[in-house]
Amino acid sequence: MAEAATKILEESLGETVLIKLRGNRKLRGKLEGFDLHMNLVLENAEDISNPDETVNLGRIIVRGDNVILISPPPR
Amino acid sequence: MAEAATKILEESLGETVLIKLRGNRKLRGKLEGFDLHMNLVLENAEDISNPDETVNLGRIIVRGDNVILISPPPR
Amino acid sequence: MAEAATKILEESLGETVLIKLRGNRKLRGKLEGFDLHMNLVLENAEDISNPDETVNLGRIIVRGDNVILISPPPR
Amino acid sequence: MAEAATKILEESLGETVLIKLRGNRKLRGKLEGFDLHMNLVLENAEDISNPDETVNLGRIIVRGDNVILISPPPR
Amino acid sequence: MAEAATKILEESLGETVLIKLRGNRKLRGKLEGFDLHMNLVLENAEDISNPDETVNLGRIIVRGDNVILISPPPR
Amino acid sequence: MAEAATKILEESLGETVLIKLRGNRKLRGKLEGFDLHMNLVLENAEDISNPDETVNLGRIIVRGDNVILISPPPR
Amino acid sequence: MAEAATKILEESLGETVLIKLRGNRKLRGKLEGFDLHMNLVLENAEDISNPDETVNLGRIIVRGDNVILISPPPR
């Protein structure tokens, strides 16, 4: 993974990130961990794909293959 | 796989996890094993894709390629 | 492949397993062999995708890429 | 590839095999060669996807990526 | 990645680039980083897929797998 | 690539081959080169996907990923 | 990449090439660079997918994964 990407993900540990996955799924959660395949661990994750209904997912592991975008918190 | 992900999966051994697969399939079962490709072994697995009809699958091996999310039990 | 998965597949050699493949295909057959990519060899395999019409396939090789789930026989 | 799969393919050299490919394509032909990616060489191959119209393909190379099932001849 | 591609991406650091992703998604943002898998880091990113509604995304990481085209700024 | 496949492709150099690609595309052309990923170079290539309209493509490089079948000329 | 393909791409540097991508996208542009994954750099690129509306893209990087065909200029 790009050093730039790693640096941002490291700075985002413990912070809330937004994730867009294939298939129009959107997630939000506190970043607890990641690896070079962009596998992610989120705490207090929520599925926010449907703007009218947020679904609590708790702690989750996201497989990197499905990730399109990761949006760290504003600096 | 991220150390964070491995750590969570190790802590989840023997516990019930929720799995979301591609193609809108959802599974629930006791985690018996896993590997770095997120191949999973579940005991007493159930297909809960259809909220009106839980299908018992018994012991299964899930190929990691199909995994989107793994949700370990609450701490 | 996870040691847990390998162990289950080894224990299942000579036993009937259920296989779910991408594209809603379901197979049943006696497991004769496997490898770390989840390529499988089944004996007396049947395509049971259509509940009203079981199709005999005889001995087959299944390419692991297409595998979603493998269900070994109950212990 | 699994030793079991290799063994079956080796035993099937010179014999007619059935191949199911992604996209509902079915082929039949005499197995002339194969490799560990399941790339196949078939002689006198026929496309039998349409039960009403067999299409002669002659000698073909099939890229393994597209293979779902290989069905060797009965023993 | 091609030296030619790397050279263009390096020259584009700090500049606005256009990105076309699979699934008809278009992004625009300042290129902050990249790697050999074409994973990208964008600052002040915008989703411009819908010409009638630009969505601010802030700083994002784009997984290279989804990239079709990258359009650096004119020289 | 299988030695059998390599051998056939080598014998087919300078000969007309038929190629079936994903997405129902069919090509015909004189094989000028190939590699172990089944990337192909064709001379005087034609897109014959539409039986009513052959499209001349001239010399082309075909990315192996898209290849389903290669049909060398009859021996 | 095949030596034959590399040779053609090298001869095509500075020349206009046609590119067919997955999803029925067609591009035309001057080839500035390429690598063994068929990542391409095009100058003065145009999206010619729609015969009625050519879209100027300027200089672009095309990710090789999406390439189906590359058509170099006639010799």
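Labels A, B, C, D, E, F and G are assigned to the chains in the order they are written; within every chain, residues are numbered from 1.
In this text, a residue touches a chain if its C-beta (ideal position, glycine included) is under 8 Å from a C-beta of that chain, and two chains touch if they have at least 3 such contacts.
Model, not experiment: these values are computed from the prediction.
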item: Angle of the C-alpha superposing rotation, subunit A to subunit E, to the nearest 5 degrees; value: 50
item: Whole-Å gap separating subunit E and subunit G, where each centre is the average of the chain's CA atoms; value: 19
item: Separation of mean Cα positions, subunit D and subunit A [Å, integer]; value: 42
item: Between subunit E and subunit F, centroid-to-centroid distance (C-alpha), Å; value: 34
item: Of all residues in subunit A, the ones touching two or more other chains; value: 65
item: Chain order, ring traversed from subunit B with subunit C following; value: B, C, D, F, G, E, A
item: Complex contact set, residues of subunit A against subunit B; value: 21, 23, 25, 32-35, 37, 39-41, 57-63, 65-66
item: Subunit C to subunit B touching residues, read off their complex; value: 1-5, 7-9, 22, 38, 64-65, 67-72, 74-75
